[in-house]
Structure formats: C-alpha cells, structure tokens
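Look at the two complexes coming up: subunit A is in both, with subunit B in one and subunit C in the other.
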Partner chain A sequence: MGVNLTVGMGEIQVVRGAGNVLTALGLGSCVGVCLYDPLTRVAGMVHVVLPKSQASKTGELPGKFADTAIPAIVQRMVEQGANVSRLKAAIAGGAQLFQFGVSSSLDVGARNAEAVIIALREAGIPLQAKDVGGSAGRTLRLISDNGLIVVRTIGGAERELAVLGNILASSGVAA
Partner chain B sequence: MSATGTPEKLQQLVQTIRDLPALPEVVVRVMRMTEDPRSDAQSIAKVIATDQAMAARVLKLANSAFYGLPRRVSTLSEAVVILGFRTIKNLAIAASTFELLNREIAGYWLQRGELWRHSLACAIGAQLIARKVRLPVVEEAFVAGLLHDIGKVAINLFVREQFDQIMERAQQDRIPFVEAEQAVLGFNHAMAGGLIAEKWNLPPSLVSVIKYHHQPSSAPDKDLMISVVHLADILSITMGIGIGGDGLYYALEEGTLATLAFEQADIDELCEQIVDQMARVVNLQEQPEVVLR
Partner chain C sequence: MSAQPEYAFSEEQFDALREIANIGMGKASSALADLINTTILINVPQAVCVPIGNLPDVLRDPEQITAGIYLQVTGDVPGHATFIFDVQSAHRLAGVLLGMPEVSLDEVTASALMEIGNIMLSAYLTAISDFTALQLLPSPPVMAVDMGGAILSAVIANMRDLDDFAVTIATDIYDPDGLISGTFVFLPEPGGIQRILQAIGMG
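Moving on, here comes the complex of A and B:
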C-alpha cells in the first residue's frame, strides 16, 4: 500500500517500505532534502525554507530551517527503524534570482544550500548528489523502493539525480 | 526593442482582454458601497448575498485562521461588522477573481491553482510589508498583491507559443523574463495586467501597481505601494510559491530594499511569516460549505 505524499514548505514526511513516493513541488530558493536508508527502505524528505532558526520560535515546523530540519527528520526516520549510519542524502533547490549582483540580500537560495550541507555534515550523513543553484524552479521526487531521486526543472526536462539505494555507488565501488 | 508581428499580436491581446470576464457587478457595487460612509453592514451583506458562490467564499475566507477571529462567523453581516468594510471589499475581490487566477496557465507551466497560490502569497507578503513600513492603506496592499499577475491570464496563450524563444532571450541577453516577454512578444504580463485593471475600472493607484510591479522606479506616481508589491512578489517567486517555467528569472529592482528600509533580518523574518500565514489560509479549491442565511 504505497502512498504519494507532497512535502509542503517546512514540512517533513517520512515513509517506510517500498511503493511510496515523496514529492516537493516548486522548489525555488528552498532546498528539498532526501534521506534514505537502503536496508529498511525508510525514506524521508524535508522542504527547507530558510537557513537558520531564531532561537525564539522553532517549535511548530522544525523543517522550515536547515539547522533544525536535519536533526528533526533524522529523529523521525530513526523512529521508523532507520539507522543513522546507513542514511544517505541528496538535495535539490537553492535557486537564486537571475543575475543582478545588487540583490545580495536575497541570496537565501545559496545560504539555504550551504546551511543544509553543513547540517548534513554535522549529522554525519554523506551527501551523494546535489542539484542546486541556477534560476529555474524544480520539482523533486523520491521513490522509496530504491531511493531513486528525480529532479524536474519546471518547464524543462526531468532527470535522474541519484539512486540512494544503490549499494555499489554508495560504497564508492562504482566508477 | 525588436518585436516581430507586434501590431497583429497587440490586436489579438486587446481582443483577448476584451473577452475576459468583467468583474462581477456585485463586486463593483460592494467596492462602491464600502467607499460610501452612508453604507451599513446590513446592506453590504445583502448585496454580497445575491451571488451565492461568492458569498460562500467570502464567508469561508473570513473564517480562515488568517483573520484570527475568536469564533466562527456564520452570517455575512456579522463578517462585515467584525472585519470591517475594507477587508470585506478585499474578500469580495479575492472571491471574484479566484476563478480567473485559479486557472491553469500553461504558457508559464503553471498547473491549476499555482497562480492563485502565488497571488495569495504576494497578497499576504504585501500586507505584511505595508504594515511594517506603516502604509496607511494596508488592506489595499492585499488586493494589489493578489492582482499583480492578472496579466499572465491574458498573455498565457502568446507565451505558450513562444515560451522557448522568450526563455532563450532572457538567458542570452541576461534580462528578466518580463523584459524578454516585451522583447519577443511586444508586450508583457505587467502591461497586460494594467489593461485588465483598467477594463475593470479599478482605482488608478491599483492599475499603476499592476503595471509597474517589476519596475517601481518607472512608475510616474512613485507610489510606495508599488515597491511593497514588487518586494512581496520577488520574495514569493524566490521561495518558489506558485512559480512556473519562468522560475526565478526575475530581478529585485535596485534600491527597493533601501526605499523600504529593509535589511537581511527583515527579509528572513518576512519569508517565515509568509510561509506561516500561507498555511493558515483556507483552500478555496474545496467545495465551500454553504452557511448562508
């Protein structure tokens, strides 16, 4: 009984077993983070909106901020039977406004991607693949059967970003 | 500005806009009544109630957590009294433009509902910014934000035909998508939106916001509201709320942040608030539960 879940802004979704699909629609500067445990097929996605939480208010949606999102999704996945040491990650999003160096205060896309990468590193989760930057919107999909990650550029082509369940690739054996 | 075949295209655009539905008579009357100090809640409610579908939507919006009412309002006249004339007018405009904005806009690769979501995010953002810069007409910001992209509905088919050329032009010349529309089609969605707003007899200030929402400094009236909506739009685009194939191929006009006295921390906070408030707006797509009497 697979489910097909949409991961809205700031949301975390975790599923277990084959046949499930997680989707983040319309990623602009937001970063979609996919985590996958190949053994238990616990798959998770979080739709990160901003790099850093203000200490005052993280409660309701920890998935909104990179620094609180990663620990929160890892915990949810462990509760579903995932093992942190087996988790692998792929990320997409972090787009920026086109050109015009003036708008440096709107570089939230780049800051998001950076913050997510740091948070993953701190959690000890290897980042297998990323598709970040640019000015196009993206749709990100994670298939729970094998950890297949598909990225579609809105108005453009769809492409396979990674297969997180691919043991050969993840152990570094594949070329 | 090279624009091949522009005269015929412009003719077609004018025709397309002519064919768009008029603003419902009910909204026009509500707009007029809310400006008239002699109007009362009862009579405004009565006018709205003549359009059942709209009345149901207005009530649904009024009861959304966005307005934070302490209890559920079940009648229109109650809603008018509690929320005030200006807010009710906005809800009526929102309810009546929903069908148009909720369309699939294939030219921009926007699925059904996406333009509405983007418009709502911009409306919410504009209202938040207007409050922060202490504009006296915070409610107007909501409507201006909601309608800023209405022109996309009109130029949808033209963009669909030449999307690839427009995108190529934007990337090659490194110009925002809206300028590439102008270069390839001979018109753009902001200008088309201005024409629609004029057709609807919306106030000139609103026409101006729609027309210049990508370049506030070019507006003859230099209304601060235009910068407010411009920033709200760019933030909504940046966060990817209802973005299409034109993606983030837009620019924040230089000086906008300074004009509004905004800094980095303000931007992050604003983004967060927009996300939170979006979660609290009702989904108008669902069948409205009818509680009219």
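Moving on, here comes the complex of A and C:
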C-alpha cells in the first residue's frame, strides 16, 4: 500500500516503490527539494527552512538547513537502496512572500534557493527542474510512480514541473 | 541559546501562558472591535510546544488563501507576531476601515490592514507589559496574501534562533455573524518564554 506523507518544515521523508506521494504544503521562503532514483523508485523530499546550519548547536534537524539537508537526505535514500549516481533533483519554493512594507532583509527565500542549488552541485546531483523565487507560496508534490513533480500556487491550477523518472532520457537511450 | 529545551515546560506553565495570551488577546480583540464597531470574540488560546514542522497545524487549513500581517516584537521578549485572516475577512476589515463596501487587496487596503495589525498587536503587547512589567515593543508591519502555511513558514524562517521545537501561542478571533475570522500567532524567540514565566513567578 502506498503512503501519502506530508513533509513539514525541517523534515525529511523517504519512500520506496510505486504508489507513494510526498507533499510539502505552503512553501513560502522555504525550499522543497525532491530527489528520485528512477530504477529503485526511491523518492525523497526535504523541506529546507534556512540556508546555513548554525555549527554551535547540537541535536538539530538536518533537514532545516540547505547545507546539511542534502547530505542527510542522500544518505537516507542510499539506505533505502538508491544509488547516488542515478539521483535527480527538482526544487520549488524560495519565494519572497511579504510584498507590502518590506525591507530586503526578509528575502531569505532567494538565499535558500541559492544554497540548495550549491549543495546539490556539491553532491553531484543534476537539477532537472526548478520553480523558485517570485512572491507566491507553493505546494509541492512528488509522485513515486515515475518521479512526477507537480507545483501549485494560490489562484493557479496544479502544474507539472518535471518527471524525474524518465529512464529513457536519463540513460541516453533514443526514444 | 536556551538553557533548557522549551518543550520541557510543565502544564501549569503552559496554563499561565494561555492566561497571559488571553489577557493580551482580550485587549487586542476589543481594540479591533472599537475600530470597526463590531463584537469580536476570541477562543481560548493554545499554548503548545511543537516540532517546527507541525507549526502550520495551528491553522485550520494551511493551504487556504489568507492575508497575513507580520510584526516583529523587540524588547524583553523578542518574537514574531502574525495575524492571519482569511481573504474575505481581510476584505471586510479593510472595507469597513476605509468606508468602502468592496475593496481589492492593493497598496491602500494593505496599509489599512497593516494598521489594524499594528493597533491589535500594540494592545496585546501593552496588556502583557502591564501584567509582567516586561518591555515588549512592536516593529513596523509587513503583509502578504498567500496560503496561511506559506506565510507562517516565512515567519518561522525569520526567527533569529531557530530550534527544532518552538513555543507557539495561537488564538482564533471571529465575530458572531461569521463575517470575520482569523488566527493570531505569537512565536517567541527561544528564551523569551522563560522571561515571561520568571516575571510572573512561575519560572
């Protein structure tokens, strides 16, 4: 039986096999990172809140910070049988919600997206698609059957961002 | 850094926080009631310590479109205050204040709503200051129109010292005709709750 899991702030969720759905509701300045291994159908999502971890602290949720979230979710996925070399990523979020009366210091969204992109590059995971920035909050969903990523904003329909499980394309086989 | 994890608070301490929140929200809701000449009611405040991932659950529907007015609190209890109104309520509030039956959410209505947030938070903080003899000051407001959960998460990301758990004091406000409904959420920075409890001899 598939599961439908919500990925709250700072949380990491990893599932294996078809029929599962991972959802991050209402991403504001946070960034939702989806990772997918098409062969084993190990799917993961992490809900990143801030760009950099505070080294002085212990017992932190690694998923809270971009620099610790990516290594932590990759490890969780490898434990479930994923292979790092097959992982592909899509990200959404990092908006600047407060449009009225704002000072720029509130724009943690842009810094979050940038930090996530750097962390993915350092982990050697290709970023297939991104929907970041702007001023609208997003709900992000990952369907484990084929790595389909859908994004919804207020006043908009759910739209497809990427299909991370396109094995033919990823392995270079002609369709 | 907090000396002890804030989720270690006792039920008596949470009761005291609810009572203080009740005093503050009583003043804030009567300030709103005076402003728009309507009866405004409040629910019993929630005071909980939850993993930050569960914080949007204080809202009935984190995906609902809302107008969120966010103000920072400085002074002895630094924290983050957010009034989250559903969009229809926000329209009505701004409309009543501006003397117009129908308004859209533009710069003018936003500034009216931010002023409402400012007046309510000032009333809330003054009541808590009077009760605890602590100094709490509001910063200028900012506003967004978006999913309530997204607004709350953007506020949480703005905390200076983000623990894995956070104390949340949340109160629903509404009017008897069901025209206005919203939630007030106060997120103190770690350490702020101890200061409130110590001030009332429950630390």
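FYI, the second predicted complex is superposed on the first by the 159 of 175 C-alpha atoms of A that agree within 3 Å, B and C clash if a C-alpha of one lies under 4 Å from a C-alpha of the other, contacts with A are read in each partner's own complex, and residues count from 1 in each chain.
In this section, contacts are C-beta pairs under 8 Å (C-beta built on N, C-alpha and C of every residue); 3 or more make two chains touch, one makes a residue touch a chain.
Computed from a predicted structure; not experimentally measured.
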item: Superposition on subunit A - do subunit B and subunit C clash or fit; value: clash
item: Partner chain in contact with A:Gly156 - subunit B first, subunit C second, else both or neither; value: first
item: First (subunit B), second (subunit C), both or neither touched by A:Ala95; value: both
item: Which of subunit B and subunit C A:Val108 touches, first, second, both or neither; value: both
item: Residues of subunit A that lie at the interface with subunit B and also at the interface with subunit C; value: 8-10, 26-30, 49-50, 61, 64, 95, 97-100, 102, 106, 108-109, 135-137, 154-155
item: Residues of subunit C defined as touching subunit A within the complex; value: 1, 51-56, 62-63, 65, 68, 70, 107, 110-111, 114, 140-154, 156-158, 162, 164
item: Contact set on subunit A toward subunit C in their complex; value: 7-11, 25-30, 47, 49-50, 56-57, 59-61, 64, 95, 97-102, 106, 108-109, 112, 135-139, 154-155
item: List of subunit B residues in touch with subunit A within their complex; value: 108-109, 114, 163, 167, 170, 174, 176-177, 234-235, 237-252, 254, 257, 262-264, 267-269, 271-272, 275-276, 278-279
item: Partner subunit B, residues of subunit A touching it in the complex; value: 8-10, 26-30, 49-50, 52, 54, 61, 64, 93, 95-100, 102-103, 105-106, 108-109, 135-137, 154-156
